[in-house]
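Look at the two complexes coming up: chain A is in both, with chain B in one and chain C in the other.
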Partner chain A sequence: MIRFALAGNPNCGKTTLFNALTGSTAHVGNWPGVTVDKREGVYKKLSEPAEIVDLPGIYSLSPYTPEEVISRNYILDEKPDCVINIVDATNLERNLYLTTQLMEIDVPLVVALNMMDAVKKSGDRLDAAKLEKALGVPVVEISALKNEGIQELMERAYAASKTPRAGSTVLAGSSIAHVIDDVKIALRGKEVENPLFHAVKLAEGDELEVAAHPDEMKMVGEFKTQHSDDIFGGDFEALVADARYKYISANFSGALVHSQKKERGALSKSDKADRVLTNRWAAIPIFVAILFFVFHLTFGEDLFYLNAIFGFGFDVETGNAYLDAFVAVFFNGAGISTPGAILFNLTDFIMNTCLGGWIADGMAATGAAAWAQGLVNDGIWGGVAGVMSFVPQVLVLFLFLSILEDSGYMARVAFILDRIFRRFGVSGRAFIPMIMGFGCSVPAVVNTRTLADDKERIMTTRVIPFFTCGAKAPILAAICGAIAAEYTGVSADLLVFALYLFGMIMAIVMLLFMRQTSMRGEVPPFIMELPAYHAPQFRSLMIHLWDKLKHYVKKACTIIVASSIVIWFLSHFAWDWSYLEDELMNRSILADIGNFLLWICTPMGFGLQLSEFGWVFVVAAVTGLIAKENVISTFYVLVAAIGAGVAGGVGDDGENGIGAVVTLMQQTGITWQGLIAFCVFNMLTVPCFAAAAVVKGETPKGKFKFTLAFWMLTSYVTSTCIYLMFSWPWTVAIVVVLIAAVIAFFILRNKGIIRFRRKRKELPAAKE
Partner chain B sequence: MEKKLNEFSVGERGVVVRIEGEGQVYRRLLDMGITPGAEIVLRKLAPLGDPVEVTLRGYELTLRKAEAASVVMRSEGMAAAPASSAKEAKKAAKQAEKAAKRAAKQAAREGKR
Partner chain C sequence: MEPLGIVFTVLAAVLAVGIVVGVIAYRIVQKKRGRGGCDCGCDCCSGGCHACRAARKGDDGR
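Moving on, here comes the complex of A and B:
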């Protein structure tokens, strides 16, 4: 199979093209030896199928950021049959800068001028034929979004892949053309592949190349001593970059003819949106409001607090249990449901009230053995349904996050917040993966690859799990809902919001802490493109959501089912492998294991102080290490048994997550302080297997054990403090004194013993 | 007059003379198109006054003042006319646009009939 690689600037529409090319066959694949997931897919409309590889978006082939090195090594080492360079036609000059570098590699190259529809719409004209002549490689106009010109592009790429191409450079007219030529000949004599590319990189003084070709570097060094230039002196790196841009302006920019109507200073729609969204005064309040509404629309029970304001709380009674339950999906005593709550209620209604009930009835009708009924109803269905009923709500959250990402707002968030985040030791860019962490830690951690600084990357991957992900959301929703149900005057969604906020504050506190201890150093630079806003594409949003949905269903059908079955077995069998009725669960293997570990959790409020079923929380926390959804599915499986075991049990088969927790509260006597500490522990501790594995992959060798220790210590200490402070208010004094002592230590150290330029006011402000 | 990019005020236009520094930041600035001769307009400041937003080579870039300090510029004065007259002009343009849209809509409606 022939292989085409897609290369181009970030945000030039590569992935859109990739999806257009590969359709539904797109999948994420890991490549051996490289710790990244380049996407690969197959294009089938040529005379032979072509494998398409989507490389990370890059601005240059410099040796500084991991993505650039990955793309560069892929093209040099894996030798694709053709490189398709996607160029954003609305931003020609900067995009062609990468093209001039790709041209130097001995690989067939085709330039795809993307976003031609936008260019035409603005009234500009772009002469592809002229550009093709100037570049010397095929140029095809396409619009990946509108699916235009794609077949032509692929046919030209196919034709180009059949003839080898020698690299060409735009530096031939520059003052260092001579040395590049000499080095190229020397390299070719040594049978080095891509001699031109390496020669140019050597001239630039590229770190990776200098180490690989010391002899040729001497040639460059000699030339440098003789060379003199008014502007650059001996700085060839700048000279080369400048020569590229000069060549582009002189030879290629002529292909673009601006329309008359585009005057200086005329405002585009994007500029107008930007005026408001990054307004000096309004930007930060707008950002906070957007975040709040995203969470409100996803988790809120009372749409826009209409019920709280106008108070029309009443229940609709129809006389039919099913119909009542159905009405409650949209409206109940708490008010009109938000979109997220409607979806949650709806799936909960389908999964538990309808399907779950039918399965239980069906099993009872067949007269299966009690243990088989239990296994199917509680072990398999209970766990899966518990997780699946939260999926639509999580998808709503994903939808909002995707809209923010697609529209270009995320980049502005980095711009707005950079100043604040710099105080915490990271750049505003690091905030984008952190926000993505609200969806899922796995892609968020992968996204940290765009951060250039190693320390910044490690710190960011460590705190990403503190941004409560979609799988942890159900834990918060269930526990806060239960607290709200048991104690009057507590608003569930405000409590959820507070916990989300607490996670973010912890992330900031820990960033500061790391900057003071293991990760000392300068704040990394912040140079970022701000892409033009555009309306999110419905299709790409749907693709995104579909991927997520598949991911969840797959997870529910594999890990969650397996864990649920294991939990069910362990909780219904004693050490002598005899089956235990639900009522006798306290004698099970699981109970013994849980009880054995109980003392560890005592300081956090869900340990020895609980009565008989206290071990359930320990077990849930441990299974949560596999996948956070397991916390809720464990509750489901076990509460079903507890409910049956208690005479006149309340939430018999745990109608939903909230009911399950309410049952647990009544049975174990756990306090709300303990529940909050339990939430916090799950939020801050080691994330699921998948996320931990990705973090390990993204962390330099040998550092991951520190990351693990960091997660465990942070979660344990923090939830202990939370439990103590809420249960016995006088302990606040001790905790405050301890924190103050730590801060004082840092301040004294920074001021006195080691000279370090750091404002000492920073710490206390954030520690609260 | 030579002036550093971080000393520019909002709306000021200039041409890059040279870039100081080395290493990764330096290279990134070059890669993003900040090379001698490039024209840059300072568009705005972030809410807390620090990262700045500039337009160059037809796109928007944000960088911190610390990084902007390594870019030596030759100022060419303000890019656009001062706010007051520009605003008025824009208002007029907007009204004209609205009127045109209304007319177009009406035409379309009539066409449908």
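Moving on, here comes the complex of A and C:
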């Protein structure tokens, strides 16, 4: 099958084009590093199928970043049949820099001028024919976003792939053209492929080329001794870059004619927005406010706190239980529901009140054994329903975060936070994978490949799980919702928002700690192109949400339901395999396992201080290691038995995740302090097995055990401190003193006042 | 117990065992196919994720 590679600058639209060609749902982010490895698909509209490879975005073919190495190695070693160089037509000069390097490789090349819709909209004119004549390679105008020009591009790429192409350089008229020619001839004599490309790279002093061709590098060295340049001296890399840009400006830039409407130096709409959104003082408060707004619309119960202000909420009672429950989805005692609350209530109504009720009634009508009814209602359906109820809320959160990401705002946040992060030992570049952790830790950890500094990468992979992922969101939603239900004056969305913020703060604190201890070093520079703001593509958003929904449903119908069945079984059978009724659950295998580990959790507030069902929290934390959604499904499965087994029933029999936590609060005596500590423990501890496996794969050999220890210690110590400080406020003073002592120690050590003497190894006595 | 009750009781047990065994078998098959760790549905599962395919040395120059 013929192969085409898509190469171009970050944010030029490669992945958008890739999706349009292959029908893929590859995610299109708005910052560098979203594509961290090549992505492959098939285009089927030519006379033969063509494999399409989407390479990471690069500015040049110099090996300074992992993306550049991936792209360069692919083009040189895998030898695609044609390279399609996507060029952002609104940023011609900068994009053509890479084009001049690709031209030097002996590979068929086609230039795709993307974002032509934006060029036409701005009134500018681009003469593609003139550019094609100047470059000497086919040039096609396209708009990947609007699906225009794609077929013509592919047909021209297909035609180009049938004709071999020899590399050409724009440096023929430069002062180093002579040495490039000589080196090229020498390399050709040794039958080295792509001799022109390697010759130019040798002239630049490319470290990979210097190592691979030492003899030819001597030729360059000798030339350098005779060559003199008033501006660049012996820096041939800068000289080559300057020569390229001069050639681009003189020969290619004339193809773009700017509209006369534009004033010189006039600010674009993006620039005007950035004046506010990246303002030195307002940027962080604006970011926090936007995040809070997102969390309020997702987890809040009282839209814009209207009921808290005007007090108009009430529970509708028509006499028809189903109608009352349906109306309560949109309006109830808490006021008008937020979009997230509406979806949660609606899903809960469908899953539990309707489907759950019908299944329970159906099983009872068949006369099946009591244990079989419990297995189906609580074990099978209970586990699934408990998690699925939260899916819409999590999707709403993903939708808002995706809008922020696709609009270009999150790229600005990385830039803003760089100023703060730098003080704590990491660059703003590390923020990009961290914010991806709000969705899922797995792609976030993979994205750390874009961090060139090893120490920064290890630190970032360790703190990514502190950014509460979509799987942990139901834990926070359920527990915060329960606390809000049981305590007046508490707002669930504020609590959830505070916990999310706490996770971010913990990440910064631990980054600082690691920079002072095991990961000391310089902070790498952070340079990033800020893409223009634009409205997110509706189709892209919906595809992204659909992917997430499919993933959740698949996970709920596989690992979650299997875990729920196992949990139900272990909680309803004793060690001698005898079946236990709900009220005897405390004699079950699961209860024994939970009680065995209960003492460990005592300092965190969910251990021995709880009553007979306290082991449920321990078991939930353990099952959360398989998948974090299991925490809520565990509550759901076990609370059904607790509710049934307690004489006189309980206030809420756990009809949903929030109700399950309320029941646990009433039956175990766990305080809100213990619940918050439980939340914090699950937020900071070892992530799910999948995420842990990815971290292990991305961590250098031998370091993963330290990462595991890091997670366990951080979560245990932090949640213990949280429980102690909230339960006994005077302990705040002790914690503050301890933290101050640690900070003082690091400051004194950094100033050299405190030093550690290394034990000298004694040399063996000299033999006479 | 009524015959219908016995049938549904047995079905419930078979369903539960089937789900657990099926999920375990599915995970084993996925792992053998090199997609053993994740199924997170993220885009990296298209090939760029260590949890979803065996790590390939040299792809990223490391």
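Simple rule for what comes next: the second predicted complex is superposed on the first by the 712 of 768 C-alpha atoms of A that agree within 3 Å, B and C clash if a C-alpha of one lies under 4 Å from a C-alpha of the other, contacts with A are read in each partner's own complex, and residues count from 1 in each chain.
As a working rule, a residue touches a chain if its C-beta (ideal position, glycine included) is under 8 Å from a C-beta of that chain, and two chains touch if they have at least 3 such contacts.
As the structure is a prediction and not an experimental result, all values here were calculated from the model.
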{"item": "Contacts of A:Gly697 with chain B and chain C, given as first, second, both or neither", "value": "second"}
{"item": "Which superposed partner A:Ala368 touches (first chain B, second chain C, both, neither)", "value": "second"}
{"item": "Touched partner set for A:Arg280, first chain B, second chain C, both or neither", "value": "first"}
{"item": "First, second, both or neither for A:Lys555, with chain B first and chain C second", "value": "second"}
{"item": "First (chain B), second (chain C), both or neither touched by A:Arg449", "value": "second"}
{"item": "Contacts of A:Asp418 with chain B and chain C, given as first, second, both or neither", "value": "first"}
{"item": "Chain B versus chain C as contact partner of A:Glu132, first or second or both or neither", "value": "neither"}
{"item": "Touching partner for A:Ser60 - first (chain B), second (chain C), both, neither", "value": "first"}
{"item": "Shared contact residues on chain A - chain B and chain C", "value": "none"}
{"item": "Interfacial residue positions of chain A with respect to chain C in the complex", "value": "24-27, 35-40, 63, 66, 69-70, 73, 363, 366-369, 372-373, 375-376, 379-380, 439-440, 442-443, 446, 449, 547-548, 550-552, 554-555, 558-559, 561-562, 565-566, 569, 689-690, 693-694, 697-698"}
{"item": "List of chain A residues in touch with chain B within their complex", "value": "59-60, 62, 64, 90-94, 97, 231, 237-238, 241-242, 245-246, 264-265, 267, 278-281, 283-284, 414-416, 418-420, 422, 428, 452, 525-532"}
{"item": "Chain A-facing residues of chain B, complex", "value": "18-19, 24-33, 35-38, 44-51, 53, 57-64, 66-67, 79-81, 86, 90"}
{"item": "Contact footprint of chain A on chain C as seen in their complex", "value": "1-2, 4-5, 7-9, 12-13, 15-16, 19-20, 23-24, 26, 37-44, 46-51, 55, 59-62"}
